[in-house]
Amino acid sequence: MIIVLKREATEAVAQELLGRIEEKGLKPLYMPGLERVVLGALGDERVLAELGLDGHPMVESVKPILSPYKLVSREMHPHDTIVRFGRSGIGGRGFAVIAGPCAVETEERLRKSATAVRDAGAVGLRAGAYKPRTSPYSFQGHGPDGLATLRRIGDELELPVVTEVMDTRDVDAVAAQADMLQIGARNMQNFSLLKAVGGAGRPVLLKRGLAARIEDLLLAAEYLMAEGNEQVILCERGIRTFETATRNTLDLNAVAYMKQKTHLPVLVDPSHGTGARDLVAPMALAAAACGADGLLVEVHENPLDAWSDGAQSLYPHQFENLMAALGPVLAAVGRELA
Amino acid sequence: MIIVLKREATEAVAQELLGRIEEKGLKPLYMPGLERVVLGALGDERVLAELGLDGHPMVESVKPILSPYKLVSREMHPHDTIVRFGRSGIGGRGFAVIAGPCAVETEERLRKSATAVRDAGAVGLRAGAYKPRTSPYSFQGHGPDGLATLRRIGDELELPVVTEVMDTRDVDAVAAQADMLQIGARNMQNFSLLKAVGGAGRPVLLKRGLAARIEDLLLAAEYLMAEGNEQVILCERGIRTFETATRNTLDLNAVAYMKQKTHLPVLVDPSHGTGARDLVAPMALAAAACGADGLLVEVHENPLDAWSDGAQSLYPHQFENLMAALGPVLAAVGRELA
Amino acid sequence: MIIVLKREATEAVAQELLGRIEEKGLKPLYMPGLERVVLGALGDERVLAELGLDGHPMVESVKPILSPYKLVSREMHPHDTIVRFGRSGIGGRGFAVIAGPCAVETEERLRKSATAVRDAGAVGLRAGAYKPRTSPYSFQGHGPDGLATLRRIGDELELPVVTEVMDTRDVDAVAAQADMLQIGARNMQNFSLLKAVGGAGRPVLLKRGLAARIEDLLLAAEYLMAEGNEQVILCERGIRTFETATRNTLDLNAVAYMKQKTHLPVLVDPSHGTGARDLVAPMALAAAACGADGLLVEVHENPLDAWSDGAQSLYPHQFENLMAALGPVLAAVGRELA
Amino acid sequence: MIIVLKREATEAVAQELLGRIEEKGLKPLYMPGLERVVLGALGDERVLAELGLDGHPMVESVKPILSPYKLVSREMHPHDTIVRFGRSGIGGRGFAVIAGPCAVETEERLRKSATAVRDAGAVGLRAGAYKPRTSPYSFQGHGPDGLATLRRIGDELELPVVTEVMDTRDVDAVAAQADMLQIGARNMQNFSLLKAVGGAGRPVLLKRGLAARIEDLLLAAEYLMAEGNEQVILCERGIRTFETATRNTLDLNAVAYMKQKTHLPVLVDPSHGTGARDLVAPMALAAAACGADGLLVEVHENPLDAWSDGAQSLYPHQFENLMAALGPVLAAVGRELA
């Protein structure tokens, strides 16, 4: 950690701070310059953060040197983590496409959507029983009944299922029915939920928050891993920017960047990432080309009648076309559909 | 709601959509133009949203006309809501300053900080027992013990207390000890928490999320009110933008805008809104000048030793100076300290 | 255009506004609802904008229906525009890679960099003689001498050249030497420059501004086309967001979106779009997969000694590898290197 | 400057870099840690930037210690700069309100608007003869004729005038007629224009760009000062964020922050900062309370008929009310209307 002192800081201030750094068992460094005195502190920066040096009136700025995440870092764990999802492993050479409708609506509709995505080659089914909706007047999901329906259809079609959990009180119930638990974008920094889900004994799909920096996402994953869960998947799903032509701005830079920094698999959700059906396929191909480990795609047997997210849901034939188009792009980058 | 059809949409498509609008009990409108056909649908837009017209392949865009929030809207409820907090009412002519440390650390420290803010004129005490922290390695708060300490100090000093609740499982426990429940920025769209807190029978302080549009914040408040809770306070605390010189960008436009659109009181948190002790006072004065109903300010008896947020916590004497400076600014806009 | 009146607007106000709409030769529409009166105005919305209805005290909001750009719109011009650049055409089936150093430094260095990119298959050379730099103390480019050097190397290696023009006074001089004029991100809304460059008789490469919505970029292109220039290329180069791990956030959504909305070719600059050498190749492949018509890439014969943008410049061997990797990805989407 | 090496960097790499730092005449520092080697370089960081160390493959990150601006910095020049504008000085105890219509429309209209703002107490007149407009189909200003009209009205009413210059070719013409030159938000990083205006011998009003960090704005001012012009005023006018309820997000944090970092005066433009007439007054008062040195406000004798920006222009009586409201707020913070 580098501590830049204010111009008016005296030698005595510098010595006091160096003493405090040393007390914490860290190695202090003194670097007097022409315009500023700069201090260094080498060692575990988590310890150093406790000193609260950024609150000192004579400190101008504090710059960390090391990344604040450890367990998720590729430095500590160079090999790719493979996360189990049904019979598939996510994070290896295979590119995993998980698809399905936004929400569990009726059993019959879910069966149709799920059959369509299975037949086109999806390795898993997604659908929400608990739905986070901006307005209290929007459809909020069927809850436990939806979960049961989802499990039933998953078993019937032999598709593993992933579904969102929004409430710490529901974690056990969702973990009992789902093969993977999803933490949604709006709950990415719901730290109580992260802790509860981290300890639930299921793989976790963690979506990036709308205003989350990559470092925030990696620290949220660190919460999950700190509970002993090594089966964590990250998901880029678009961030909120000034652009209004698309629902979100899909940040594929983040995919390439995270593949360097962490050993965890990275999926891309081009449905929420764009908000527009016609943009899903090009962004899905882009995700495949830049190193993502798979996709999370909204597909509905009849998007016109979808109770939510219809505008960004693919028709089944569009999803089939997408799967056909993915093959050659994946081959071009040395991968294949899982 | 205005529905703009694609250029290639046929008359038959328009008629089909008009039929669907009518079926929902809404008044349909047909507006053929030179380049586009535009449809209108007049009536309750919440009903209309169920039609999912934005997902129709022949629909280019859907533009709502009415605001999606109702209970929080000033149109439905022209008079200012006054929220009870101890002996104070927040939202009237008085300007309510709530202050205290970021977290409950030790009882002795809290007593010192609380005494300082009370003596300077704060109407209430803030301090966290459950702390949402970006990193799992940071201090997470003392939980139930912290709550008890906070209650004890509040009683001792006769200050009502507000504290954050982060987990639906803790709502009852926090409601038992606190005079007001706070929902933090990172949980603003934790809809399970909104519902649970909405039904807890306590006033609520709802902070704006880092990526929340004003409309999102008002809809989050609508969740609380839809549970029957009319005692809701909104709090602007800065949004996340590209600017890095300050921790957040305090959006005072939002204060003036919300005072027009909603009857609920609006507080400003200049501590999180700036992230820098030296910027707190000017932004607090700006908030008073533009119509806010009060402040939420971090004050610590010794910010140098604060376990969190030291860099943005005021020293007690700075808080005293701020309270002294607020008086004349409030008088200038026809208000006074509560 | 849809005009939503305020709740308190009287019938008389509505009639007055309808009269003003009719005076302008547009078709007025009256849509009384339960909570609001809504007016419509059908016809050329550019005419309507002159009415300034959004400034009327009884108007709540004005929503345009038609896009404000015309000449750049695919609706008016369904076929892809092909822009000439040396012997290449940009915008057709071929994928055009333009590469080179950030700036013209010395003739010898430029020759080395240019030879490297030509040998690897680039269709054109990029390098700046006028450099827009955030700080006045940074290298500002060699100006006219740099231009001459660039022309000489282009001729020597038979590579067409594109270079930035920053000043209306330099447009003729740059047009005399360059095969294509570039308008940089920071000048995207320098409307004087757009007009001057639009009339210079050269193809134009227009880069998206850091805070430009897609619509703003298309309107900037409309300025160029309104001067009679049909040879315009758009370039996505990243926008400014809250993310700090990368220099900018490359918005590939914008590429897929613009390919639908406009007939103009769209290039991607993964160098500025990421700011990091290691992220350039994955984003270049993503751009190829999602429908871009080519790339603008920074390559330097020795990035370690580059006078600017070294951190995002590829080494020649990295560029060779990228070109080799592009082939199969382009084939997968039915295209090939130009 | 702090240079963090990658984990895999060898001792030899560190020594090579230290040698390069020393060659530049800077003081090198070697700080080996457990997980990383960190290097320091003390001295003029502008020199250091030439080394391009951030492009080195073994360098993970480079962190500057000193601010990159010098002439605008309060460290070098502790006393407030006072900028002359007619008989007023901007930047001292007086709070300067400059007002007028968006554009010069007709002489008669300008006279009415200007008379209204003068009578209400404005110290200067603003109005554009050259208008930067997003669309080429919008009114572009009257150019030289507009300039002459503006000068005439300014003389007639004894109001100094400020107006925007958009093109280097127009700098002399505008400098001949205007008392102060304005550089608009979209040209804040038009570096050619900054240099030309810096050398024009007139005070300059520099508006913050829509995506400009505060540091970018200060560096743009540094361009002006580096040309020998010490008469520079900064203007916060809102930045572009994800919020759509207001035209821009007015960043008052930036005002308080800049008053600490620079000796230059800071104005606030609440008209563009909000985009809505009803929000102008509260934000103007907030600006006064947080330390701004004045305002730039759009006022039109009849906003309903304004050719541009009608929605954010005050009616004359609203401006009068605003001026009356400013007095007590300014008094509360120890200032007064200029």
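By written order: A, B, C and D. Residues from 1 in each chain.
Operating definition for what follows: a residue touches a chain if its C-beta (ideal position, glycine included) is under 8 Å from a C-beta of that chain, and two chains touch if they have at least 3 such contacts.
Note that the structure is predicted; figures quoted are calculated from it, not measured.
Ranked by separation of Cα centres from chain C, the top chain is B. In this structure, the chain pairs A-D and C-D differ in their number of contacting C-beta pairs, and the larger number is found at C-D.
Centroids built from CA atoms put chain D at 26 Å from chain C.
Centre to centre, using the average C-alpha position, chain B and chain D are separated by 31 Å.
Here the spacing of chain A and chain D, counted between their Cα centres, is 38 Å.
Residues of chain A found to touch two or more other chains are 211, 239-242, 244. Remark: chain D residues 211, 213-215, 238-239, 241-246, 249-257, 259-260, 273-274, 276, 278-279, 282-283, 285-291, 325, 328-329, 331-333 touch chain B in the complex.
Touching chain C in their complex are the following residues of chain B: 2, 4, 7, 27, 29, 31-36, 38, 40, 42-43, 63, 65-66, 75, 240-242, 244.
Partner chain A is touched in their complex by these residues of chain B: 46, 49-50, 52, 54-57, 68-69, 130, 132-140, 166-170, 186-187, 189-193, 209-211, 216, 219, 222-223, 226, 239-240, 277, 303-313.
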